[in-house]
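Listed below are the structures to be examined.
One chain, chain A, links the two complexes that follow: it is found with chain B in the first and with chain C in the second.
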Partner chain A sequence: MKVRYAHPPGHVRTPAYVKGRQGVVERLCGTYPNPEERAYGRSGLPAQPLYRVRFRQTELWPNYRGSISDTVDVEIFHHWLEPA
Partner chain B sequence: MEHHDEREAHPHSTREDAEASLTYFQAMEVAVRELLIEKGILTADQIRRQVEDMDGRTPARGAKVVATAWLNPPFRSRLLSDGNAAIAELGLERGPYKLVVVENTSQVHNVIVCTLCSCYPRWLLGLPPDWYKSRSYRSRMVREPRAVLREFGLELPDSTTVRVHDSTADMRYLVLPMRPAGTEDWAEEELAALVSRDTMVGVAAPTKR
Partner chain C sequence: MAQHPSQSPHDTGGQPAGPVERTEHDYLLWEKRVDALLVLLSHDDKRHMTVDELRRNIEGLGSAAYQTLSYYERWMHAIAQTLIQRGVISVDELGRKIADVEHRAAHGEL
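Up next is the complex of A and B:
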């Protein structure tokens, strides 16, 4: 999967360092009310699928020093993901 | 006559009153708390009790979970597949968030960070340490974890995969550290004493003292 490269205004839960980056889904965590809606007093419903996406460090940081197998796992909501 | 410093004249010197001037957020907390009490939504005793409960949550809870997992392989499996249900077996509160337990092995080292704020499994570890909330830890742990771990005194070989977990939404993470060698016949309480807060965040490894 790939994380959308987008910078919408307001509250977002996708850290900038993974935007536009490719990773693999490690697991589906379940469905949760969308915090980006709840931040403005709305219900956040319907609940959105939340995934844990695993990124290789070398995909995130071109100058990464460390093992090629090192990873970062980040929780990403469905609406931030698109096919790689 | 020799003039004495005023501090010498008062051997029980007092610290400067920390409440002399409130910060913006301290003032807001006082205002909201007083309003909640005045409107009869909460009582002062209920608030006090919550603070007391929070202070009662310490890393000893997490250490009990880890020591039990070391001694009881079926419990360990259940802990890794459903953290909340497993800790409830030990009489601990399930917690307000989904608990994901990640296991360290000789091949994989896990470490926890929350880059967006300071999410932390408070019901198992208590309040997070100041460094966990610092901008430096939050920004560097995802970018140069091996350098940060080295600063904590943990040097990992290149053959170990470093797996950073960024707690950005509804999961909370606990590291299940590796049981130190030479503790095979140890009892649960002795094992739990080896498990510190930092080993459950993943910035340290338990060692036999």
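Up next is the complex of A and C:
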């Protein structure tokens, strides 16, 4: 999957350092009311799937000096992901 | 990577930072009270606010305040903002109450 490269001005749960980067879905964590809607006092329904996405550190940091196999997991809502 | 102009001050992943403080510390009484206040306000029985509204208002503090305030000071400001936005309390009520508490503190009544 690829994380959408978008910078809406409101409350988002996707950290900047993964935007536009490719990773693989490690697991589905469940479905939850959308926090980006709940942040404005709305219900956030219908609940959205939340995925744990695994990124290679070398994909995220251009000057990464550790092992090529080092990874980081970030939990990302469905609407932030698109096919790689 | 260069920061996008709309990236808010809390979104710091990957930016240079100082060493991590590894010491444990106790919370002060007022910090525990602020924590308890959010638990009560967001409880299913009341639903006066959500943790997502807390986060949005913390992010909205602006970079100078975000850097200067302590963790629970940010919570305190964000809880007040949320309750005003939701109409649970008014700006005027909060202002009068703060003045009242400041007056009592100045006269040793707290």
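In this section, the second predicted complex is superposed on the first by the 84 of 84 C-alpha atoms of A that agree within 3 Å, B and C clash if a C-alpha of one lies under 4 Å from a C-alpha of the other, contacts with A are read in each partner's own complex, and residues count from 1 in each chain.
In this text, contacts are C-beta pairs under 8 Å (C-beta built on N, C-alpha and C of every residue); 3 or more make two chains touch, one makes a residue touch a chain.
Not measured: the values here are computed from a predicted model.
When the two complexes are overlaid on their common chain A, residue A:40 makes contact with chain C while staying clear of chain B. Put chain B and chain C next to each other and count what each touches on chain A; the higher total goes to B. By the document's definition of touching, of the two partners only chain B reaches A:65; chain C does not. Residue contacts after overlaying the shared chain place A:7 against chain C, while chain B stays out of touching range. In the superposition on chain A, A:50 makes contact with chain B only, not with chain C.
Shared interface residues of chain A, touching chain B in one complex and chain C in the other, are 15, 17, 35, 60-61.
Those residues of chain A that touch chain B in the shared complex are 13-15, 17, 29-30, 32, 35, 50, 52, 57, 60-61, 64-67, 69-77. By the touch criterion given at the top, residues 98, 100, 115-116, 142-147, 158-171 of chain B touch chain A in their complex. Residues of chain A that touch chain C in their complex: 7-11, 15-17, 35-36, 38-41, 44, 60-62. The touching residues of chain C, counted against chain A in their complex, run 1, 3-7, 11, 13-14, 50, 52-53, 55-56, 59, 85-86.
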